[in-house]
Amino acid sequence: MTLSLDQARTIIRKTLEKGRAENFKPLSVVVLDAGGHVQAFEREDGASPGRFGIAHGKAYGSVMLGMAGTAQMARADAQAYFMTAVNGVFGGQVVPVPGGILIRDADGAVMGAVGVTGDTSDNDVIAAMAGIDAAGLSAEV
Amino acid sequence: MTLSLDQARTIIRKTLEKGRAENFKPLSVVVLDAGGHVQAFEREDGASPGRFGIAHGKAYGSVMLGMAGTAQMARADAQAYFMTAVNGVFGGQVVPVPGGILIRDADGAVMGAVGVTGDTSDNDVIAAMAGIDAAGLSAEV
Amino acid sequence: MTLSLDQARTIIRKTLEKGRAENFKPLSVVVLDAGGHVQAFEREDGASPGRFGIAHGKAYGSVMLGMAGTAQMARADAQAYFMTAVNGVFGGQVVPVPGGILIRDADGAVMGAVGVTGDTSDNDVIAAMAGIDAAGLSAEV
Amino acid sequence: MTLSLDQARTIIRKTLEKGRAENFKPLSVVVLDAGGHVQAFEREDGASPGRFGIAHGKAYGSVMLGMAGTAQMARADAQAYFMTAVNGVFGGQVVPVPGGILIRDADGAVMGAVGVTGDTSDNDVIAAMAGIDAAGLSAEV
(Lines give C-alpha, C1' and ligand atoms only; values in the text may rest on other atoms or scores of the structure.)
Protein backbone atom coordinates (compact mmCIF):
# COMPACT_ATOMS: atom_id res chain seq x y z
CA MET A 1 0.00 0.00 0.00
CA THR A 2 1.23 3.44 -0.85
CA LEU A 3 0.07 6.95 0.10
CA SER A 4 -2.69 8.66 -1.87
CA LEU A 5 -2.47 12.25 -3.06
CA ASP A 6 -5.27 13.13 -0.63
CA GLN A 7 -3.22 11.77 2.27
CA ALA A 8 -0.14 13.62 1.05
CA ARG A 9 -2.10 16.88 0.85
CA THR A 10 -3.37 16.48 4.40
CA ILE A 11 0.14 15.81 5.68
CA ILE A 12 1.58 18.87 3.96
CA ARG A 13 -1.23 21.25 4.90
CA LYS A 14 -1.23 20.24 8.55
CA THR A 15 2.57 20.29 8.79
CA LEU A 16 2.61 23.87 7.50
CA GLU A 17 -0.25 24.88 9.82
CA LYS A 18 1.73 23.53 12.77
CA GLY A 19 4.77 25.51 11.68
CA ARG A 20 2.71 28.72 11.58
CA ALA A 21 1.10 27.97 14.96
CA GLU A 22 4.55 27.46 16.51
CA ASN A 23 6.03 30.44 14.69
CA PHE A 24 8.71 28.26 13.07
CA LYS A 25 10.73 29.59 10.13
CA PRO A 26 9.20 28.99 6.67
CA LEU A 27 8.97 25.23 6.09
CA SER A 28 9.15 22.98 3.04
CA VAL A 29 7.49 19.56 3.03
CA VAL A 30 7.79 16.67 0.61
CA VAL A 31 5.84 13.40 0.59
CA LEU A 32 7.35 10.38 -1.19
CA ASP A 33 5.59 7.13 -2.06
CA ALA A 34 6.73 3.63 -1.05
CA GLY A 35 9.21 3.58 -3.94
CA GLY A 36 10.82 6.88 -2.96
CA HIS A 37 9.15 8.91 -5.74
CA VAL A 38 7.73 12.41 -5.22
CA GLN A 39 3.98 12.52 -4.60
CA ALA A 40 3.59 16.13 -3.44
CA PHE A 41 5.66 19.09 -2.24
CA GLU A 42 5.11 22.62 -0.98
CA ARG A 43 7.62 25.35 -0.06
CA GLU A 44 6.41 28.28 1.99
CA ASP A 45 7.06 31.84 0.88
CA GLY A 46 10.32 33.06 2.37
CA ALA A 47 12.02 29.66 2.40
CA SER A 48 15.35 29.52 0.59
CA PRO A 49 15.25 28.19 -2.99
CA GLY A 50 17.18 24.96 -2.31
CA ARG A 51 14.69 23.55 0.17
CA PHE A 52 13.17 21.00 -2.20
CA GLY A 53 16.51 19.20 -2.36
CA ILE A 54 16.95 19.13 1.42
CA ALA A 55 13.39 17.97 2.14
CA HIS A 56 13.70 15.35 -0.60
CA GLY A 57 17.04 14.11 0.69
CA LYS A 58 15.67 13.57 4.19
CA ALA A 59 12.68 11.58 2.94
CA TYR A 60 14.49 9.75 0.14
CA GLY A 61 17.15 8.24 2.37
CA SER A 62 14.44 7.15 4.78
CA VAL A 63 12.60 5.16 2.10
CA MET A 64 15.63 3.74 0.33
CA LEU A 65 17.28 2.50 3.53
CA GLY A 66 14.08 1.74 5.46
CA MET A 67 15.59 3.89 8.24
CA ALA A 68 14.26 7.28 9.41
CA GLY A 69 16.39 10.40 9.84
CA THR A 70 17.25 9.96 13.51
CA ALA A 71 18.62 6.45 12.92
CA GLN A 72 20.52 7.64 9.86
CA MET A 73 22.10 10.43 11.89
CA ALA A 74 23.21 7.95 14.56
CA ARG A 75 24.82 5.78 11.90
CA ALA A 76 26.50 8.83 10.32
CA ASP A 77 27.84 9.87 13.73
CA ALA A 78 29.21 6.38 14.41
CA GLN A 79 30.54 5.58 10.95
CA ALA A 80 30.70 8.66 8.73
CA TYR A 81 32.26 6.83 5.77
CA PHE A 82 29.28 4.45 5.63
CA MET A 83 26.81 7.29 5.02
CA THR A 84 29.28 8.82 2.54
CA ALA A 85 29.32 5.51 0.68
CA VAL A 86 25.52 5.27 0.81
CA ASN A 87 25.38 8.68 -0.84
CA GLY A 88 27.65 7.43 -3.58
CA VAL A 89 25.25 4.58 -4.24
CA PHE A 90 22.22 6.89 -4.25
CA GLY A 91 23.71 9.73 -6.29
CA GLY A 92 24.23 12.08 -3.35
CA GLN A 93 20.49 12.26 -2.69
CA VAL A 94 20.52 11.24 1.00
CA VAL A 95 20.43 13.84 3.83
CA PRO A 96 20.87 11.81 7.06
CA VAL A 97 19.33 14.04 9.75
CA PRO A 98 16.02 14.23 11.65
CA GLY A 99 13.12 15.47 9.57
CA GLY A 100 13.05 12.39 7.36
CA ILE A 101 10.14 10.36 8.68
CA LEU A 102 8.92 6.90 7.63
CA ILE A 103 5.19 6.25 7.36
CA ARG A 104 4.11 2.68 8.06
CA ASP A 105 0.79 0.90 7.56
CA ALA A 106 -0.92 -1.22 10.22
CA ASP A 107 1.30 -4.22 9.31
CA GLY A 108 4.47 -2.16 9.65
CA ALA A 109 5.16 -1.97 5.91
CA VAL A 110 6.56 1.35 4.66
CA MET A 111 3.94 3.38 2.76
CA GLY A 112 6.21 6.33 2.06
CA ALA A 113 8.10 9.09 3.82
CA VAL A 114 7.83 12.75 4.72
CA GLY A 115 10.72 15.20 4.59
CA VAL A 116 10.55 18.56 6.36
CA THR A 117 13.15 21.32 6.43
CA GLY A 118 13.35 25.00 7.36
CA ASP A 119 13.67 25.31 11.12
CA THR A 120 15.85 23.22 13.48
CA SER A 121 15.74 19.49 12.77
CA ASP A 122 13.82 18.95 16.01
CA ASN A 123 11.21 21.54 15.08
CA ASP A 124 10.97 20.08 11.58
CA VAL A 125 10.03 16.78 13.22
CA ILE A 126 7.44 18.43 15.49
CA ALA A 127 5.72 19.98 12.49
CA ALA A 128 5.85 16.76 10.46
CA MET A 129 4.36 14.73 13.30
CA ALA A 130 1.38 17.09 13.44
CA GLY A 131 0.82 16.51 9.75
CA ILE A 132 1.15 12.74 9.93
CA ASP A 133 -1.10 12.55 13.00
CA ALA A 134 -3.75 14.63 11.22
CA ALA A 135 -3.72 12.08 8.39
CA GLY A 136 -4.23 9.27 10.91
CA LEU A 137 -0.97 7.58 9.94
CA SER A 138 1.80 5.94 11.95
CA ALA A 139 5.29 7.42 11.90
CA GLU A 140 8.90 6.49 12.68
CA VAL A 141 11.16 9.52 13.19
CA MET B 1 8.46 39.21 -8.61
CA THR B 2 8.08 35.50 -8.12
CA LEU B 3 5.08 33.24 -7.59
CA SER B 4 3.62 32.79 -4.12
CA LEU B 5 2.74 29.40 -2.68
CA ASP B 6 -0.93 30.43 -2.81
CA GLN B 7 -0.66 31.11 -6.53
CA ALA B 8 1.13 27.81 -7.07
CA ARG B 9 -1.58 25.94 -5.19
CA THR B 10 -4.30 27.54 -7.31
CA ILE B 11 -2.48 26.65 -10.51
CA ILE B 12 -2.03 23.02 -9.47
CA ARG B 13 -5.54 22.55 -8.12
CA LYS B 14 -7.22 24.04 -11.19
CA THR B 15 -4.93 22.19 -13.61
CA LEU B 16 -5.89 18.89 -12.01
CA GLU B 17 -9.58 19.82 -11.97
CA LYS B 18 -9.41 20.54 -15.69
CA GLY B 19 -7.75 17.18 -16.29
CA ARG B 20 -10.58 15.41 -14.43
CA ALA B 21 -13.25 17.43 -16.27
CA GLU B 22 -11.71 16.46 -19.63
CA ASN B 23 -11.12 12.86 -18.56
CA PHE B 24 -7.38 13.13 -19.24
CA LYS B 25 -4.97 10.49 -17.90
CA PRO B 26 -3.64 11.12 -14.36
CA LEU B 27 -1.61 14.33 -14.42
CA SER B 28 1.40 15.63 -12.53
CA VAL B 29 1.99 19.37 -12.12
CA VAL B 30 5.04 21.26 -10.91
CA VAL B 31 5.38 24.99 -10.29
CA LEU B 32 8.87 26.54 -10.32
CA ASP B 33 9.80 30.02 -9.15
CA ALA B 34 11.66 32.69 -11.15
CA GLY B 35 14.96 30.99 -10.28
CA GLY B 36 13.84 27.59 -11.57
CA HIS B 37 13.43 26.13 -8.07
CA VAL B 38 10.53 23.91 -7.02
CA GLN B 39 7.69 25.75 -5.27
CA ALA B 40 4.99 23.05 -5.32
CA PHE B 41 4.16 19.73 -6.96
CA GLU B 42 1.34 17.20 -7.00
CA ARG B 43 1.08 13.81 -8.76
CA GLU B 44 -2.35 12.27 -9.15
CA ASP B 45 -2.97 8.69 -8.06
CA GLY B 46 -2.36 6.32 -10.94
CA ALA B 47 0.37 8.42 -12.58
CA SER B 48 3.64 6.58 -13.18
CA PRO B 49 6.36 7.12 -10.55
CA GLY B 50 8.75 9.04 -12.79
CA ARG B 51 6.37 11.92 -13.49
CA PHE B 52 8.04 14.42 -11.15
CA GLY B 53 11.16 14.28 -13.31
CA ILE B 54 9.27 14.80 -16.56
CA ALA B 55 7.11 17.67 -15.23
CA HIS B 56 10.18 19.27 -13.69
CA GLY B 57 12.17 18.93 -16.91
CA LYS B 58 9.48 20.71 -18.92
CA ALA B 59 9.27 23.64 -16.50
CA TYR B 60 12.98 23.82 -15.69
CA GLY B 61 14.05 24.22 -19.31
CA SER B 62 11.40 26.90 -19.73
CA VAL B 63 12.78 29.03 -16.91
CA MET B 64 16.46 28.44 -17.57
CA LEU B 65 16.19 29.25 -21.27
CA GLY B 66 13.36 31.81 -20.98
CA MET B 67 11.67 29.78 -23.72
CA ALA B 68 8.49 27.72 -23.25
CA GLY B 69 8.06 24.07 -24.33
CA THR B 70 6.64 24.69 -27.79
CA ALA B 71 9.55 26.93 -28.75
CA GLN B 72 12.02 24.43 -27.27
CA MET B 73 10.48 21.63 -29.34
CA ALA B 74 10.76 23.72 -32.51
CA ARG B 75 14.43 24.30 -31.75
CA ALA B 76 14.97 20.59 -31.03
CA ASP B 77 13.28 19.68 -34.33
CA ALA B 78 15.46 22.14 -36.23
CA GLN B 79 18.73 21.58 -34.40
CA ALA B 80 18.70 18.50 -32.17
CA TYR B 81 22.36 18.90 -31.18
CA PHE B 82 21.64 22.31 -29.70
CA MET B 83 19.12 20.88 -27.22
CA THR B 84 21.55 18.03 -26.51
CA ALA B 85 24.22 20.60 -25.70
CA VAL B 86 21.78 22.57 -23.54
CA ASN B 87 21.14 19.38 -21.60
CA GLY B 88 24.85 18.96 -21.09
CA VAL B 89 24.98 22.41 -19.54
CA PHE B 90 21.93 21.81 -17.35
CA GLY B 91 22.71 18.28 -16.19
CA GLY B 92 20.18 16.55 -18.40
CA GLN B 93 17.30 18.26 -16.62
CA VAL B 94 15.61 19.83 -19.68
CA VAL B 95 12.65 18.12 -21.43
CA PRO B 96 11.97 20.23 -24.56
CA VAL B 97 8.31 19.52 -25.38
CA PRO B 98 4.96 21.30 -24.86
CA GLY B 99 3.73 21.25 -21.30
CA GLY B 100 6.48 23.55 -20.05
CA ILE B 101 4.83 26.96 -19.70
CA LEU B 102 6.34 30.31 -18.76
CA ILE B 103 4.44 32.64 -16.45
CA ARG B 104 5.03 36.36 -17.00
CA ASP B 105 4.03 39.40 -14.98
CA ALA B 106 2.38 42.53 -16.43
CA ASP B 107 5.78 43.84 -17.55
CA GLY B 108 6.62 40.59 -19.31
CA ALA B 109 9.18 39.46 -16.73
CA VAL B 110 9.27 35.72 -16.00
CA MET B 111 7.73 34.91 -12.59
CA GLY B 112 8.18 31.15 -12.88
CA ALA B 113 7.02 28.16 -14.90
CA VAL B 114 4.53 25.33 -14.83
CA GLY B 115 5.27 21.78 -16.02
CA VAL B 116 2.47 19.32 -16.74
CA THR B 117 2.77 15.70 -17.86
CA GLY B 118 0.57 12.61 -18.08
CA ASP B 119 -1.60 12.88 -21.19
CA THR B 120 -0.57 14.02 -24.69
CA SER B 121 1.61 17.14 -24.72
CA ASP B 122 -1.30 19.13 -26.21
CA ASN B 123 -3.69 18.03 -23.47
CA ASP B 124 -1.05 18.75 -20.83
CA VAL B 125 -1.03 22.34 -22.12
CA ILE B 126 -4.84 22.59 -22.09
CA ALA B 127 -4.93 21.58 -18.45
CA ALA B 128 -2.09 23.90 -17.49
CA MET B 129 -3.73 26.88 -19.16
CA ALA B 130 -6.88 26.34 -17.11
CA GLY B 131 -4.76 26.44 -13.97
CA ILE B 132 -2.82 29.53 -14.96
CA ASP B 133 -5.99 31.35 -16.07
CA ALA B 134 -7.66 30.54 -12.76
CA ALA B 135 -4.73 32.19 -10.98
CA GLY B 136 -5.18 35.31 -13.12
CA LEU B 137 -1.71 34.99 -14.60
CA SER B 138 -0.35 35.39 -18.10
CA ALA B 139 1.23 32.41 -19.86
CA GLU B 140 3.50 31.61 -22.78
CA VAL B 141 3.20 28.00 -23.98
CA MET C 1 0.29 -4.07 -4.85
CA THR C 2 3.81 -4.99 -5.80
CA LEU C 3 5.43 -8.24 -6.91
CA SER C 4 6.65 -10.76 -4.36
CA LEU C 5 10.05 -12.45 -4.55
CA ASP C 6 8.26 -15.75 -5.23
CA GLN C 7 6.52 -14.24 -8.24
CA ALA C 8 9.79 -12.74 -9.45
CA ARG C 9 11.52 -16.12 -9.17
CA THR C 10 8.80 -17.82 -11.19
CA ILE C 11 9.03 -15.18 -13.91
CA ILE C 12 12.80 -15.47 -14.17
CA ARG C 13 12.94 -19.26 -14.08
CA LYS C 14 10.23 -19.70 -16.71
CA THR C 15 11.66 -16.97 -18.96
CA LEU C 16 15.01 -18.75 -18.96
CA GLU C 17 13.38 -22.17 -19.56
CA LYS C 18 11.57 -20.73 -22.58
CA GLY C 19 14.85 -19.36 -23.89
CA ARG C 20 16.45 -22.79 -23.62
CA ALA C 21 13.43 -24.52 -25.23
CA GLU C 22 13.61 -22.09 -28.18
CA ASN C 23 17.39 -22.28 -28.38
CA PHE C 24 17.74 -18.50 -27.89
CA LYS C 25 21.11 -16.98 -27.04
CA PRO C 26 21.90 -16.76 -23.29
CA LEU C 27 19.34 -14.48 -21.65
CA SER C 28 19.37 -12.11 -18.68
CA VAL C 29 16.18 -11.27 -16.82
CA VAL C 30 15.45 -8.58 -14.25
CA VAL C 31 12.26 -8.05 -12.25
CA LEU C 32 11.58 -4.58 -10.81
CA ASP C 33 8.92 -3.66 -8.25
CA ALA C 34 6.24 -0.97 -8.66
CA GLY C 35 8.77 1.72 -7.69
CA GLY C 36 11.34 0.64 -10.27
CA HIS C 37 13.65 -1.04 -7.72
CA VAL C 38 15.41 -4.38 -8.37
CA GLN C 39 13.64 -7.39 -6.87
CA ALA C 40 15.55 -10.20 -8.62
CA PHE C 41 17.93 -10.83 -11.51
CA GLU C 42 19.66 -13.74 -13.21
CA ARG C 43 22.18 -13.80 -16.07
CA GLU C 44 22.76 -17.07 -17.88
CA ASP C 45 26.26 -18.43 -18.37
CA GLY C 46 27.69 -17.21 -21.65
CA ALA C 47 25.82 -13.88 -21.62
CA SER C 48 28.03 -10.80 -21.94
CA PRO C 49 28.93 -9.04 -18.67
CA GLY C 50 26.95 -5.84 -19.34
CA ARG C 51 23.57 -7.52 -19.56
CA PHE C 52 22.33 -6.41 -16.14
CA GLY C 53 22.41 -2.79 -17.29
CA ILE C 54 20.52 -3.52 -20.52
CA ALA C 55 17.84 -5.65 -18.85
CA HIS C 56 17.49 -3.06 -16.09
CA GLY C 57 17.22 -0.19 -18.56
CA LYS C 58 14.39 -1.87 -20.45
CA ALA C 59 12.39 -2.52 -17.29
CA TYR C 60 13.26 0.73 -15.52
CA GLY C 61 12.02 2.99 -18.30
CA SER C 62 8.81 0.95 -18.44
CA VAL C 63 8.04 1.56 -14.76
CA MET C 64 9.15 5.17 -14.58
CA LEU C 65 7.18 6.24 -17.65
CA GLY C 66 4.30 3.77 -17.27
CA MET C 67 5.00 2.81 -20.88
CA ALA C 68 6.37 -0.58 -22.06
CA GLY C 69 9.31 -1.02 -24.44
CA THR C 70 7.34 -1.17 -27.69
CA ALA C 71 5.61 2.15 -26.97
CA GLN C 72 8.90 3.71 -25.89
CA MET C 73 10.52 2.60 -29.15
CA ALA C 74 7.68 4.17 -31.16
CA ARG C 75 8.17 7.45 -29.30
CA ALA C 76 11.94 7.30 -29.82
CA ASP C 77 11.42 6.68 -33.54
CA ALA C 78 9.00 9.63 -33.81
CA GLN C 79 10.80 12.08 -31.55
CA ALA C 80 14.33 10.98 -30.75
CA TYR C 81 15.20 14.07 -28.71
CA PHE C 82 12.32 13.36 -26.32
CA MET C 83 13.76 9.97 -25.33
CA THR C 84 17.22 11.57 -25.11
CA ALA C 85 15.78 14.15 -22.72
CA VAL C 86 14.01 11.44 -20.72
CA ASN C 87 17.35 9.73 -20.31
CA GLY C 88 18.83 12.93 -18.98
CA VAL C 89 16.10 13.09 -16.35
CA PHE C 90 16.60 9.44 -15.38
CA GLY C 91 20.39 9.38 -15.37
CA GLY C 92 20.78 7.53 -18.66
CA GLN C 93 19.07 4.45 -17.23
CA VAL C 94 16.32 4.05 -19.87
CA VAL C 95 16.70 1.59 -22.80
CA PRO C 96 13.63 2.24 -25.02
CA VAL C 97 13.23 -1.03 -26.97
CA PRO C 98 11.01 -4.14 -26.74
CA GLY C 99 11.90 -6.45 -23.91
CA GLY C 100 10.75 -4.00 -21.24
CA ILE C 101 7.37 -5.31 -20.13
CA LEU C 102 4.89 -3.82 -17.67
CA ILE C 103 3.07 -6.11 -15.25
CA ARG C 104 -0.40 -4.94 -14.23
CA ASP C 105 -2.78 -6.17 -11.55
CA ALA C 106 -6.50 -6.91 -12.11
CA ASP C 107 -7.32 -3.19 -11.74
CA GLY C 108 -4.71 -2.18 -14.29
CA ALA C 109 -2.28 -0.73 -11.76
CA VAL C 110 1.43 -1.33 -12.46
CA MET C 111 2.90 -3.98 -10.12
CA GLY C 112 6.37 -3.87 -11.62
CA ALA C 113 8.23 -4.66 -14.81
CA VAL C 114 10.37 -7.35 -16.43
CA GLY C 115 13.40 -6.66 -18.57
CA VAL C 116 14.87 -9.33 -20.84
CA THR C 117 17.94 -9.10 -23.07
CA GLY C 118 20.25 -11.44 -24.95
CA ASP C 119 18.57 -12.47 -28.20
CA THR C 120 16.64 -10.25 -30.65
CA SER C 121 14.21 -7.85 -28.98
CA ASP C 122 11.29 -9.89 -30.37
CA ASN C 123 12.66 -13.13 -28.95
CA ASP C 124 13.38 -11.42 -25.63
CA VAL C 125 9.66 -10.58 -25.50
CA ILE C 126 8.61 -14.16 -26.37
CA ALA C 127 10.69 -15.52 -23.50
CA ALA C 128 9.45 -12.88 -21.05
CA MET C 129 5.81 -13.55 -21.91
CA ALA C 130 6.28 -17.24 -21.10
CA GLY C 131 7.62 -16.25 -17.69
CA ILE C 132 4.87 -13.77 -16.95
CA ASP C 133 2.17 -16.20 -18.12
CA ALA C 134 3.60 -18.91 -15.88
CA ALA C 135 3.25 -16.55 -12.91
CA GLY C 136 -0.40 -15.94 -13.84
CA LEU C 137 0.18 -12.22 -14.36
CA SER C 138 -1.01 -9.74 -16.97
CA ALA C 139 1.54 -8.03 -19.24
CA GLU C 140 1.85 -5.02 -21.55
CA VAL C 141 4.74 -5.34 -24.02
CA MET D 1 37.38 -19.20 -13.68
CA THR D 2 34.23 -17.35 -12.81
CA LEU D 3 31.08 -18.34 -10.94
CA SER D 4 28.27 -20.14 -12.78
CA LEU D 5 24.64 -19.12 -12.49
CA ASP D 6 23.99 -22.45 -10.72
CA GLN D 7 26.60 -21.59 -8.10
CA ALA D 8 25.16 -18.10 -7.71
CA ARG D 9 21.68 -19.51 -7.21
CA THR D 10 22.90 -21.89 -4.53
CA ILE D 11 24.70 -19.08 -2.70
CA ILE D 12 21.64 -16.83 -2.75
CA ARG D 13 19.15 -19.50 -1.78
CA LYS D 14 21.23 -20.78 1.13
CA THR D 15 22.09 -17.29 2.35
CA LEU D 16 18.40 -16.44 2.52
CA GLU D 17 17.59 -19.79 4.23
CA LYS D 18 20.19 -19.02 6.87
CA GLY D 19 18.68 -15.59 7.42
CA ARG D 20 15.24 -17.11 7.96
CA ALA D 21 16.65 -19.81 10.30
CA GLU D 22 18.37 -17.12 12.40
CA ASN D 23 15.35 -14.79 12.25
CA PHE D 24 17.42 -12.00 10.69
CA LYS D 25 15.70 -8.99 9.09
CA PRO D 26 14.81 -9.40 5.38
CA LEU D 27 18.03 -9.84 3.41
CA SER D 28 19.18 -8.94 -0.07
CA VAL D 29 21.97 -10.88 -1.77
CA VAL D 30 23.94 -10.14 -4.92
CA VAL D 31 26.52 -12.33 -6.65
CA LEU D 32 29.08 -10.68 -8.93
CA ASP D 33 31.40 -12.44 -11.37
CA ALA D 34 35.20 -12.13 -11.52
CA GLY D 35 34.81 -8.89 -13.54
CA GLY D 36 32.53 -7.29 -10.95
CA HIS D 37 29.40 -7.69 -13.08
CA VAL D 38 26.02 -8.79 -11.71
CA GLN D 39 25.31 -12.50 -12.08
CA ALA D 40 22.24 -12.85 -9.83
CA PHE D 41 20.34 -10.98 -7.14
CA GLU D 42 17.36 -11.52 -4.86
CA ARG D 43 15.68 -9.12 -2.39
CA GLU D 44 13.37 -10.62 0.22
CA ASP D 45 9.87 -9.23 0.70
CA GLY D 46 9.92 -6.50 3.34
CA ALA D 47 13.45 -5.30 2.56
CA SER D 48 13.72 -1.57 1.79
CA PRO D 49 13.79 -0.65 -1.93
CA GLY D 50 17.39 0.59 -1.97
CA ARG D 51 18.95 -2.72 -0.94
CA PHE D 52 20.21 -3.66 -4.40
CA GLY D 53 22.52 -0.66 -4.33
CA ILE D 54 23.90 -1.46 -0.88
CA ALA D 55 24.44 -5.17 -1.59
CA HIS D 56 26.04 -4.33 -4.92
CA GLY D 57 28.31 -1.72 -3.34
CA LYS D 58 29.63 -4.22 -0.80
CA ALA D 59 30.41 -6.85 -3.44
CA TYR D 60 31.60 -4.45 -6.13
CA GLY D 61 34.27 -2.88 -3.95
CA SER D 62 35.44 -6.34 -2.94
CA VAL D 63 36.04 -7.43 -6.53
CA MET D 64 37.42 -4.15 -7.82
CA LEU D 65 39.92 -3.80 -4.98
CA GLY D 66 40.53 -7.53 -4.39
CA MET D 67 39.81 -6.76 -0.75
CA ALA D 68 36.76 -7.99 1.19
CA GLY D 69 34.46 -5.77 3.30
CA THR D 70 36.22 -6.22 6.64
CA ALA D 71 39.56 -5.15 5.19
CA GLN D 72 37.92 -2.23 3.39
CA MET D 73 36.33 -1.07 6.65
CA ALA D 74 39.70 -1.22 8.43
CA ARG D 75 41.20 0.90 5.68
CA ALA D 76 38.27 3.37 5.88
CA ASP D 77 38.72 3.61 9.65
CA ALA D 78 42.45 4.25 9.28
CA GLN D 79 42.37 6.48 6.24
CA ALA D 80 38.87 7.73 5.34
CA TYR D 81 40.11 9.91 2.48
CA PHE D 82 41.53 6.85 0.73
CA MET D 83 38.12 5.18 0.52
CA THR D 84 36.61 8.51 -0.54
CA ALA D 85 39.15 8.68 -3.35
CA VAL D 86 38.45 5.05 -4.30
CA ASN D 87 34.78 5.98 -4.60
CA GLY D 88 35.70 8.84 -6.90
CA VAL D 89 37.46 6.37 -9.17
CA PHE D 90 34.61 3.85 -9.06
CA GLY D 91 31.70 6.27 -9.43
CA GLY D 92 30.58 6.09 -5.80
CA GLN D 93 29.72 2.40 -6.14
CA VAL D 94 31.85 1.07 -3.24
CA VAL D 95 30.34 0.41 0.23
CA PRO D 96 33.31 -0.47 2.47
CA VAL D 97 31.74 -2.51 5.30
CA PRO D 98 31.45 -6.22 6.19
CA GLY D 99 29.02 -8.14 4.05
CA GLY D 100 31.15 -7.85 0.92
CA ILE D 101 32.82 -11.24 0.56
CA LEU D 102 35.40 -12.45 -1.95
CA ILE D 103 35.12 -15.93 -3.41
CA ARG D 104 38.39 -17.58 -4.36
CA ASP D 105 39.17 -20.79 -6.28
CA ALA D 106 41.60 -23.48 -5.12
CA ASP D 107 44.56 -21.44 -6.44
CA GLY D 108 43.43 -18.34 -4.59
CA ALA D 109 42.23 -16.50 -7.69
CA VAL D 110 39.09 -14.37 -7.25
CA MET D 111 36.04 -15.98 -8.88
CA GLY D 112 33.60 -13.28 -7.83
CA ALA D 113 32.01 -11.74 -4.76
CA VAL D 114 28.87 -11.87 -2.67
CA GLY D 115 27.18 -8.83 -1.15
CA VAL D 116 24.62 -9.20 1.65
CA THR D 117 22.65 -6.45 3.39
CA GLY D 118 19.60 -6.12 5.64
CA ASP D 119 20.61 -7.00 9.20
CA THR D 120 23.76 -5.94 11.09
CA SER D 121 26.94 -6.22 9.06
CA ASP D 122 28.04 -9.14 11.25
CA ASN D 123 24.80 -11.02 10.67
CA ASP D 124 24.98 -10.27 6.96
CA VAL D 125 28.34 -12.06 6.95
CA ILE D 126 26.99 -15.06 8.91
CA ALA D 127 24.23 -15.54 6.35
CA ALA D 128 26.57 -15.12 3.39
CA MET D 129 29.03 -17.67 4.78
CA ALA D 130 26.26 -20.27 5.01
CA GLY D 131 25.50 -19.65 1.34
CA ILE D 132 29.10 -19.83 0.19
CA ASP D 133 29.78 -22.96 2.27
CA ALA D 134 26.71 -24.65 0.76
CA ALA D 135 28.16 -24.00 -2.69
CA GLY D 136 31.44 -25.62 -1.62
CA LEU D 137 33.40 -22.45 -2.23
CA SER D 138 36.13 -20.67 -0.31
CA ALA D 139 35.50 -17.19 1.11
CA GLU D 140 37.39 -14.17 2.41
CA VAL D 141 35.25 -11.87 4.56
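Order of writing sets the chain letters: A, B, C and D. Residues in each chain are counted from 1.
Definition applied: a contact is a pair of C-beta atoms (placed from the backbone, for glycine too) under 8 Å apart; a residue touches a chain by one contact, two chains touch by 3 or more.
On a predicted model such as this, the values are computed, not experimentally measured, just so you know.
Interface comparison, A-D versus A-C: the higher count of C-beta contacts falls to A-D.
Chain B and chain D, compared by their mean Cα positions, are separated by 43 Å.
Computed from the mean C-alpha positions, the centre of chain A lies at a distance of 30 Å from the centre of chain D. Centroids of chain A and chain C (each the mean of its C-alpha atoms) stand 31 Å apart. Counting partners per residue, chain C has 33-37, 91 as the residues that reach two or more other chains.
Chain pairs that touch, as defined above: A-B, A-C, A-D, B-C, C-D. On the side of chain A, the complex with chain B involves touching residues 4-5, 8-9, 33, 35, 37-45, 49-50, 52. Across the complex, chain A meets chain D through its residues 34-36, 63-67, 79-82, 84-92, 109-110. Residues 46-50, 53-54, 56-57, 76-77, 80, 83-84, 87, 91-97 of chain B touch chain C in their complex. Residues 2, 33-37, 91 of chain C are the ones touching chain A in the complex.
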